[in-house]
Amino acid sequence: MHPVTRMEIIASSAELEKIVAGLDQSGVPGYTIIRNVVGKSPHGKVTDDLVMSMLDNVHVIAFFPPELTKTAVEAIRPILNKFGGVCYLSDATEIRSLRCVASL
Amino acid sequence: MDTSLVLSNVLTPPILFFFLGMLAVFAKSDLEIPQPIPKLFSLYLLFAIGFKGGVELAKSGVSTAVLLTLSAAIFMSIVVPIYTFFILRLKLDPYNSAAIAATYGSISAVTFITASSFLQELGLTYDGYMVAALALMESPAIVIGLILVKTSSAKTSDREFSWPEVIREACLNSSVFLLVGSLVIGMLTGEHGWKFLSPFTQDMFYGVLTLFLLDMGLVAARRIKDLQKAGVFLITFSILVPILNAAIGLAIAKLIGLSEGDALLFCVLCASASYIAVPAAMRLTVPEANPSLYISTALAVTFPFNIIVGIPLYFYVIRLFW
Amino acid sequence: MDTSLVLSNVLTPPILFFFLGMLAVFAKSDLEIPQPIPKLFSLYLLFAIGFKGGVELAKSGVSTAVLLTLSAAIFMSIVVPIYTFFILRLKLDPYNSAAIAATYGSISAVTFITASSFLQELGLTYDGYMVAALALMESPAIVIGLILVKTSSAKTSDREFSWPEVIREACLNSSVFLLVGSLVIGMLTGEHGWKFLSPFTQDMFYGVLTLFLLDMGLVAARRIKDLQKAGVFLITFSILVPILNAAIGLAIAKLIGLSEGDALLFCVLCASASYIAVPAAMRLTVPEANPSLYISTALAVTFPFNIIVGIPLYFYVIRLFW
Amino acid sequence: MHPVTRMEIIASSAELEKIVAGLDQSGVPGYTIIRNVVGKSPHGKVTDDLVMSMLDNVHVIAFFPPELTKTAVEAIRPILNKFGGVCYLSDATEIRSLRCVASL
Amino acid sequence: MHPVTRMEIIASSAELEKIVAGLDQSGVPGYTIIRNVVGKSPHGKVTDDLVMSMLDNVHVIAFFPPELTKTAVEAIRPILNKFGGVCYLSDATEIRSLRCVASL
Amino acid sequence: MDTSLVLSNVLTPPILFFFLGMLAVFAKSDLEIPQPIPKLFSLYLLFAIGFKGGVELAKSGVSTAVLLTLSAAIFMSIVVPIYTFFILRLKLDPYNSAAIAATYGSISAVTFITASSFLQELGLTYDGYMVAALALMESPAIVIGLILVKTSSAKTSDREFSWPEVIREACLNSSVFLLVGSLVIGMLTGEHGWKFLSPFTQDMFYGVLTLFLLDMGLVAARRIKDLQKAGVFLITFSILVPILNAAIGLAIAKLIGLSEGDALLFCVLCASASYIAVPAAMRLTVPEANPSLYISTALAVTFPFNIIVGIPLYFYVIRLFW
């Protein structure tokens, strides 16, 4: 039961590879990706009807210890600045105790 | 111009279903074909057209006619974006000009496929290597577009393209990859493969194309309101430039002695604009350009124009001169 | 009743796969057909049946027999929800009564299609305009249902329907739109279109119907536990009212002189209940009604009853009287 | 890096058009839509197996300046009251600095 | 307008049935399920390319009164401990007033 | 070994598209076939192969040859996981050993289907009951795997399997359920059902298999980097054990007098490993095992090995001894 930062990124699916690389580099322990998300922003409407053009959005959620926040933000910000997309932070509490399942 | 030609094109299920899709949007019906159904259709169409082209290429072999046609194809896909760029620069900034130029330099596989089914209905044939031309013309415009951005944009310093990434986007994007792959496999397996695959790739082709054009009608109509942003210049552009490209294409086709069927397909390749591969590439490589401009013109104007008016028009001209 | 008739209906792949789907749910197998695969199947079936109907309508032309049948179809889709409403009011509030009445006044395209494949297996034909009847009977009940709510609900003041929205929901919902669109395109392209499309719309039809009924079996069985909420009254209703509607339908079919095949289809239209277009409309226009009531009765009782027992039963009666 | 309100609406996909119109009217700068979502509430279970009936849910997320909260809530509440659905608010921080990409 | 707890569970779709049963038992009033979600954690990458193997993830969101938090956590924790998955809590505000639509 | 045999297998569209899929991943093309398209393909393939097997089983009837073959199938699916487990215990903990043993004791339907289309191309037939063998061999290994975990793991106390759940996972998982269901329906409807369904289940089969193998190529190649975790022991295992299993299978096939075609299929069943049903079951019943181990070996090594090298190799041996 310790506090974590919840980072939420919404951006074009074309950027996903870069965003994931950025998160990996910044050392966040994990993330979850919801694909085929659509939306609207002052820059326009995003639909998924031309999926081969990678024009739909992805919604990426990452939880990490608060001390990683700065690194993670710095890894993501330039990507969003260049290619578009939004990022928000909020607070959450992790409740799962360490998983006791064997793994290689 | 022979109106029966237009009618015989318009009064076919694929084109009528395209209209039906547009009508659904205008009438505010809730008809939609959710992803990934359209993706399935487009994978199927690329697979089927590529495979068929390959099988036929294996039969005909690689002659000078083939090489000549493919050279012409590459030539056009390099030249079109360049002169198109300078036309666009009259009104637009370099980013949008380059992105739109790349769009019109590349091709639309569905327009090609619709033209091929137009030929089929008229009982005309075309050569398998036209599919190779289709594949070859998809990518060069992407690279040309980027070079145009690079050379014309002031702040060149902070633009370091990752060229390997650009080439990958251009040559390995899913539609080019699947098309070329199916073509090569068609060549390798020839008649034997055809015997087993044709009930799937041949018999269902027309039906899948029809359903896909229904979806394209929906998609195109949804973009029509984006055209307001595009303005009169771009809308005029997206009808006149395809006609110009088609005319140049026809001249070249005549010059290198293509058959009627091949000439129509070549001309359609020149006239069509990409709304799949190029937008996907531009989204990442020229993020400054506004996607709604290059997509809406290619999809909501040029695509319907070509499949409804363009194909019979170009064919009419071919009939005059061939 | 001739048991061989029931058997010859039940022992066909579509019906058996429907049972298999139900069995999967009861046995707690994890078999599922995720969206949008079932959506693809239903788009295909509407497209294929509409197109075929149109082609045949083009051949036969519009006679008085056609007009008579279509009038009868509209008549039934107006009358059925009205008397059904009063039956339901014996036990239910106006909102649920109106929603269920609309459901039973409308039709189920899959029941119709299953009946048409039953005819095909018996070597019987039906006329193309029966597809037009199918399309015409889908919408009126939605409008009637709303009028019933409006006239019977006390607090009329705060209910301002947006009538254009209601009409749009009723007449332009995706299934009506695609069906009518395909019918019209079938009429326009006739034999020529048929030649190109039939390998897709005809040859694969039976297979797609079979897979779709597998999914319908899954979907119907999942709703069976919702029937507890429905109670004995509604469950009885959802078997007896279809039989009543079928009987009236048969009488009318006899009166206007339909052929055996057409009579069965007309009767199945009267007997079937909508679980697609009407629920979608009711969800928005009568939000006070409980969707699980009108969906579970139409889907988990009436639909299986019709395709398993109803079709051969109605046909048996037709054989007696025709 | 300024505080924003995170609004989360879950409702039937049949209501999406109305919800989006409400958000547009209330002036929120953008929103993201996750479709084909299922769920359960005291009003019953929602599945997506009959997609032509629009019986699945949508999950709409909108971030906006706290001062827009009242307007946005008032735009959404009557829709949910009439047709069903839930809406929750929480706090978040926007981290993206102004996007510097040209756009027409 | 009263405070609620927002619980967010991300786990393998193979666990969904158990998770839902746990939530049902713990008395939470509702939940929403986003399927076909992918992700990464220290235990590895999760993709959805073999869907018949149920190897993609699900994202489950539940809002409930804070006093249910302990019960809900206790219902979910053993499942995640045994089969994997993560769970986070955060605070939110419910804004929907009681729905005034008739229902049987 | 006859290289023309390998070539005639490799130079077929399904295998070449499998390579194309792998190539797409290695070349970093963005080609992908998003869900649920592959799910649609696999539902179709199970449906079609099951139905065809059932129709043929209805024709041939149940003889001692059938019973003998099915007994042999069950025997192998019990014995293989047991001896495989002890091989794996040389290097791995009981959990991973049991999970991998179950994987290799079960079967891969796509490998079977690819082998059946290999036979078809050679003009050879196989008996319908081989599909029953396919269905019967999928489940037992799951149960054996769990028994192995239970008997070998120290902390047995806190492991209470819910056996009904395990049996359900094993026998009612979607692929077994659909396969057996289609087989039974094929038997029930026989020639009559075949007449109506075969344009769908037969004519499109090869095409769907080809597209599905394209996807399998993508999926398999994506797992290749997981093999690093697997290590040399497991990679060697996942080539040698299939060969061992195939050899035993061949000996049994010879013993019980199977035809050439049936022997190949039986042998392929023994040699193949499950990457669908078993992983789904293991994920829940042996959560301690690492999914990337049992999936990557079965999918990225054994599956490609079998369809590319294994099928022609086993067939070559059959030709030698039959």
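The letters A, B, C, D, E and F name the chains in turn, as written, and every chain counts its residues from 1.
The rule is simple: a contact is a pair of C-beta atoms (placed from the backbone, for glycine too) under 8 Å apart; a residue touches a chain by one contact, two chains touch by 3 or more.
These numbers come from a predicted model, not from an experiment.
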Field: Required steps from chain C to chain D (each step between touching chains, minimum)
entry: 1
Task: Over half of interface residue numbers shared between chain A and chain D means same, under half means different, so which is it?
output: different
- line: If CA atoms of chain B are superposed on chain C, the rotation in degrees (nearest 5) amounts to 120
Relative to chain C, chain with the most remote C-alpha centre: A
Task: Report, in whole Å, the distance between the mean C-alpha point of chain A and the mean C-alpha point of chain C.
output: 45
Field: Centre-to-centre distance between chain F and chain B (centres being mean Cα positions), rounded to whole Å
entry: 41
Task: Starting from the mean Cα coordinates of chain A and chain F, work out the distance between those two points in Å.
output: 37
Query: Cα centroid separation between chain D and chain E, in whole Å?
result: 19
Multi-partner residues of chain A (at least 2 other chains): 34, 36, 51, 54, 82-84, 90, 101, 103
- prompt: Which chain B residues reach two or more other chains?
  reply: 30, 34-36, 39-40, 174, 203-204, 280, 287, 290
Query: Any idea which chain D residues touch chain E in the complex?
result: 8, 10, 34, 36-43, 57, 59, 73, 77, 80-90
- prompt: Can you list the residues on chain B that touch chain A in the complex?
  reply: 35-36, 38-39, 42, 174-175, 215, 218-219, 222, 275-277, 279-280, 283-284, 287, 290-292, 295, 299
Statement: So, in the complex, the side of chain A touching chain B is made of residues 12, 14-15, 36, 44, 47-56, 82-84
Query: What residues on chain E touch chain D, complex-wise?
result: 4, 6, 20, 24, 29-35, 61, 63, 90-97, 99-101, 103
- line: Listed in rising order, chain C residues that touch chain B in their complex are 35-36, 39-40, 43-44, 47, 51, 168, 172-174, 177-178, 181-182, 185, 188-189, 192-193, 196-197, 199-201, 203-204, 280
